[in-house]
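Given below, in the form of structure tokens, are the structures.
Across the two complexes that follow, subunit A remains constant while its partner is subunit B and subsequently subunit C.
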Partner chain A sequence: MAAYIDLIGIRKSYGASPVAAVDGVDLSIQKGEFVTLLGSSGCGKTTTLRCIAGFEMPDTGTIRFSGEDITYSQPSERDMRMVFQDFALFPNMTISENVAFGLRLKKMRGRYSEAQIRARVEEYLSLVQLADHGKKMPHQLSGGQKQRTALARALITDPAVVLFDEPLASLDANLRKAMQVEIKRLHRQFNKTFIYVTHDQEEAMAMSDRIVVMNKGRIVQSGSPEEVYSQPNSKFVANFIDRANILTGIVETVDGSTAKIRLASGATLSAPTNDATISGKTVGVMIRVDRVSLGEDGSDQRNILRGIVAERLFLGAKNEYVIELADGAGRISVHERTAGAQASIGDVVPLCVLPDDIRVLAA
Partner chain B sequence: MRAFGNKPLVAGLAGAVLLFLYAPLLVMAFFSFNASQFTGLPFKGFTLSWYEKVLENETLMRSIGASVYVGIGTVILSMLIGLPAAIALDRYDFPGKAAFRRVVMLPIVLPGVITGVALLSFYITIGFRLSLNTIMLGQGTALTCIYVTEVFARLQQLGRSQEEAAYNLGASQIETFFKVTLPNLKSAIFGTMLIVFSISFDEIAVTYLLTGRENTLPMALWSILRREATPEINAVATLVIAFSIVLIVIGVVASRGKDLVAASKS
Partner chain C sequence: MEDAATPVMTTASVAVAESTGISPGALKAKKIERARMLFWLLPPAAWFFVFMILPYCMLFYYSLGSVDYVVFKPGLSLANFVRVFTTEPYLSVMLKSAKIGIYTAILSSIIAYPLAFYLAFHASEAIKRYVYLLVIVPWWASYLVKAYAWKTILGTGGLINASLLGLGVIDHPLTLFLYNEFSVTLTLAYIFTPFAVLSIYAQLERVPTSLIEVALDQGATRMEIFRKIVLPISIPGIIAGGVITFSLGFGDFVAPALVGGADSIMISNIVINLLGAAYDWPMAAAIGLIIIALGLGLITLAHRLEHQFQVRF
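Coming up: the complex of A and B.
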């Protein structure tokens, strides 16, 4: 079944560069979805988005939108609006004129009367809390206000899809949080398809229905924020989504859906797996900092590791302990509530972690 | 912010530079009001008679008219070629683009005499009669490169994201050009018009070779000067300077005016 937007085998390289900026991307997006392309700088997020918007033509591949092939159609013919990282407001027009731009174009002629345009601009300016700023010029606004103007300018034309290219990257942390909430609210209110690009995993987690993690022009994993967080399919994703403890071990046996993994320190861990073929292989073992705790609590369900406290960092509501495992098996960071278990540097401590909180990653 | 440490020194230096640049002009303007047959001291009293003489001097007045005519024509002609060329260079890829760019810029480094001789032999070959219009054609083509460099630089600085935003909102190419690109080029275009006009106004080399029976102002002044240097010359020159200052003020106000108004409101 064709989805709302389908990218099929998109490849794009710039000029004579032998390395493709986007290297075979397949992606299906459902109507009304909030999808985020997440990845580090230069991984091809912007290029992918620009292909969807029509500013770049892929070298190979097809883009379908509502069942139609739009790969080579003009940007102005696509029912999609983009919010640019640098806002791209028109400096020679007032904020109201900027917002009204899409409504005053030839292709919209006859759709709205001048009075209706004015009313609609008012409406969208108050939607983004800029009701009193309509008469100002873009250079008189703050970064956040410019961003909201760009948002209103995109939404006012009632597009099917809104594209965002790191729209909050130039804003300070507080403002970024506030704008995230605002964009999320607009998504709920308008129920349009949002495709969002960012390199900030927290932002991606907070806003998206689905996160598409990219690396070197390819999609490495696509899933809900919970999925990519707790079930990353590779070390890359595990590390990128959140700082994770990743150890290396050898799978001794696979018994049903449980693998026994021996670490260099000699400890064995039980971890869930559904892949019997990993038996005997070297694998990565991922343990999130918040899923491991100091001390042993008696129940033999748990995996126990031992190590020496190498560092202790006070983080406010919690402490971070860095535990050095024996025999160079690696380090594990543990977050403990300040009110919870305590240890000092140099202590030998046990750590426990539930099998279900361990994720086996192909090495 | 403290930009400069030593204020009197800076002010003194700035004053010296200004004096160096403008003292000759002031002296000239001063003597244009001197009631004496000769340029030079002593000052024999204030008079406007040299200005009256200028206004009565039909050759001079006609040459001013000719210069303005050539100047305006040159401005329009070079814009009609230069503006599309700059846009093509910045926004479109076409075969031979690099070569085209160098060729368009060439007249900047060519001495005017060479340009003039080349055009002259060209006109003679195709049987054009020399007139003010041939001067206009010559200057217009030679000064096209100024539009290309100025507008091209502005386009580069502008980037494409505004235009992409316009396309993205559904604007056609034509709408994007007139509503988004052109307004951003306005001050560059206007500034270049003034530069081109003023270069055209005192151009001699190309003009000398391409002129027919009529003379432009610099040519007329030159031939008068070869006979005698009367304060009448000072009067014409002062008028030209006053006119240039008016043009510059208009240019600055027109290109910055909007920002000034906006800034004073905020």
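Coming up: the complex of A and C.
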């Protein structure tokens, strides 16, 4: 079954560069989905998005959009609009004129009367809470207002898909949060397909139905925010998505769906697995900072580790403890509510973690 | 390093002191700031005085005097200024110079715009370097030589006539190319176009690619993108280039002397004549002052227009 948008084997390199910016991307996007391409700088997110938008043409591969091959069609022939990081507002036009731009073009002639255009611009300006700013010039607006103008300008032409290339990257943290909520609201309200690019994992988690993690021009994992958070399929994803402790151990036995893993410190951990072939191999063990706690609560369900408190950082609602495990088995960071268990630097403390909160990763 | 940072800090502290009422510390900072400013401003101020203010004062002094045979007589009369507007050919030549200046500005802008556009939007870095070189290299040759070159191109035995004769389009060499306003304008435009290219290019270069992409994305045609976005943004560049080429064309004296006809004499030629053969420095000074006043007016107007059309991103 073909999806709404299909990227099949997309590969693209710039100029004579031997390294492909996008190196074989396959991706299917459903109608109405909010998909985020997430990855560090230079991993090919923008290039992928620009191929979807039509600003770049892939060297090889096919892009299909509701059943049609659009790989080589012009940006204007695709029912998609792009929102840029630098807002790209026309500096010689007022905010209203900017928003009305697409409606006043030759190709739209006869579609709307001038009165209808004005009414529609009003409507979309109030949609993004800029009703009173229509007569201003772009340079008179704040960053957030500029980006809302760009949003209104993209939405007013009623595209099926809206593409965002790090639209909030140049805004400060508070504004970014507010705009995330706003974009999410618009997604719900319009039920359009949103494809979003960011290198901010928190933003991706907060907004997306699905996160596509990219690295070096390839997709490394694709799944819901919960999935990529709790079940990363590689050390790369585990590290990229939020804070993770990654230790190394050897699998002693695999019993049914539980592996017993021995760390360098001598401690043994039980962890779920569905791969019996890892027995005897060296694996990575991921434990999220908020899934491990200080102290032992007595129940034998839990894995217990011991170590010395090496650092203690006050983070507001919680403390972060950095625990040095014995025998160079590594360090573990623990987030503990400020009101919860306490320890001081130098203390030897037990740590406990539920088997289900441990993820076994290929080394 | 430390020195570079200090003025910034003192400026800020002065601003704070002024807004909050003055504390002794702020006063002292202000004094130090002043002393430092004076130190840095002295050389440019001296230069400005010796080479700008002083000559203008002398010009003004001369313009109020008169000449008795070949002796300058100081005076306090505005007669020279009156003469500029009442005695032929001063005013009409000045108007004609303005006309040539306008033609030059228009022709330069028309030639410059597509070139600047190409450089800003389509040229690779390598091509840009070559074009810069092509624009700069002719400036190593004397202006005189270049004006002469046009003589050989446009003249009766020149390139154009030879080609037309060779092609059999005409059977007598045509004289209409040389020694008239056309040849003067063409020569001036050829020489001054780089100024127009640079000012238009500087403006076009500010247009981010994303603006063009948004417009393409929305379905604008190339023509619409040019008309609605690129052209409006580039207007200040056109004005700036126009003012420069107009001024250079208006004040030129080489082109009219070399490729101009008997009636192509321009105001600078007259001034030169007044300074030399006619030996009427007061009159030359009066014309000079009027031109300076006109120039100031023009620049003020252009500045206002540029400001009005200048976009802010």
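Rule of thumb we're sticking to: the second predicted complex is superposed on the first by the 363 of 363 C-alpha atoms of A that agree within 3 Å, B and C clash if a C-alpha of one lies under 4 Å from a C-alpha of the other, contacts with A are read in each partner's own complex, and residues count from 1 in each chain.
Just so it is clear, a contact is a pair of C-beta atoms (placed from the backbone, for glycine too) under 8 Å apart; a residue touches a chain by one contact, two chains touch by 3 or more.
Source: prediction; values computed, not measured.
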Fit or clash - subunit C, subunit B, common subunit A: clash
First, second, both or neither for A:138, with subunit B first and subunit C second: second
Which of subunit B and subunit C A:193 touches, first, second, both or neither: neither
First, second, both or neither for A:47, with subunit B first and subunit C second: neither
Which superposed partner A:88 touches (first subunit B, second subunit C, both, neither): both
Touching partner for A:36 - first (subunit B), second (subunit C), both, neither: neither
Contacts of A:55 with subunit B and subunit C, given as first, second, both or neither: both
First, second, both or neither for A:76, with subunit B first and subunit C second: both
Doubly contacted subunit A residues - partners subunit C and subunit B: 53-55, 74-76, 80-82, 84, 86, 88, 90-92, 101-102, 105-108, 137, 139, 153, 157
Complex interface listing, subunit B residues touching subunit A: 161-162, 164-172, 175, 179-180, 183-184, 258, 262, 266
Touching residues on subunit C, where the partner in the complex is subunit A: 208, 210-211, 213-221, 224, 228-229, 232-233, 311-313
Touching residues on subunit A, where the partner in the complex is subunit B: 53-55, 74-76, 80-82, 84, 86, 88-92, 101-102, 105-108, 136-137, 139-140, 153-154, 157
Partner subunit C, residues of subunit A touching it in the complex: 53-55, 74-76, 80-82, 84, 86, 88, 90-93, 101-102, 105-108, 137-139, 153, 157
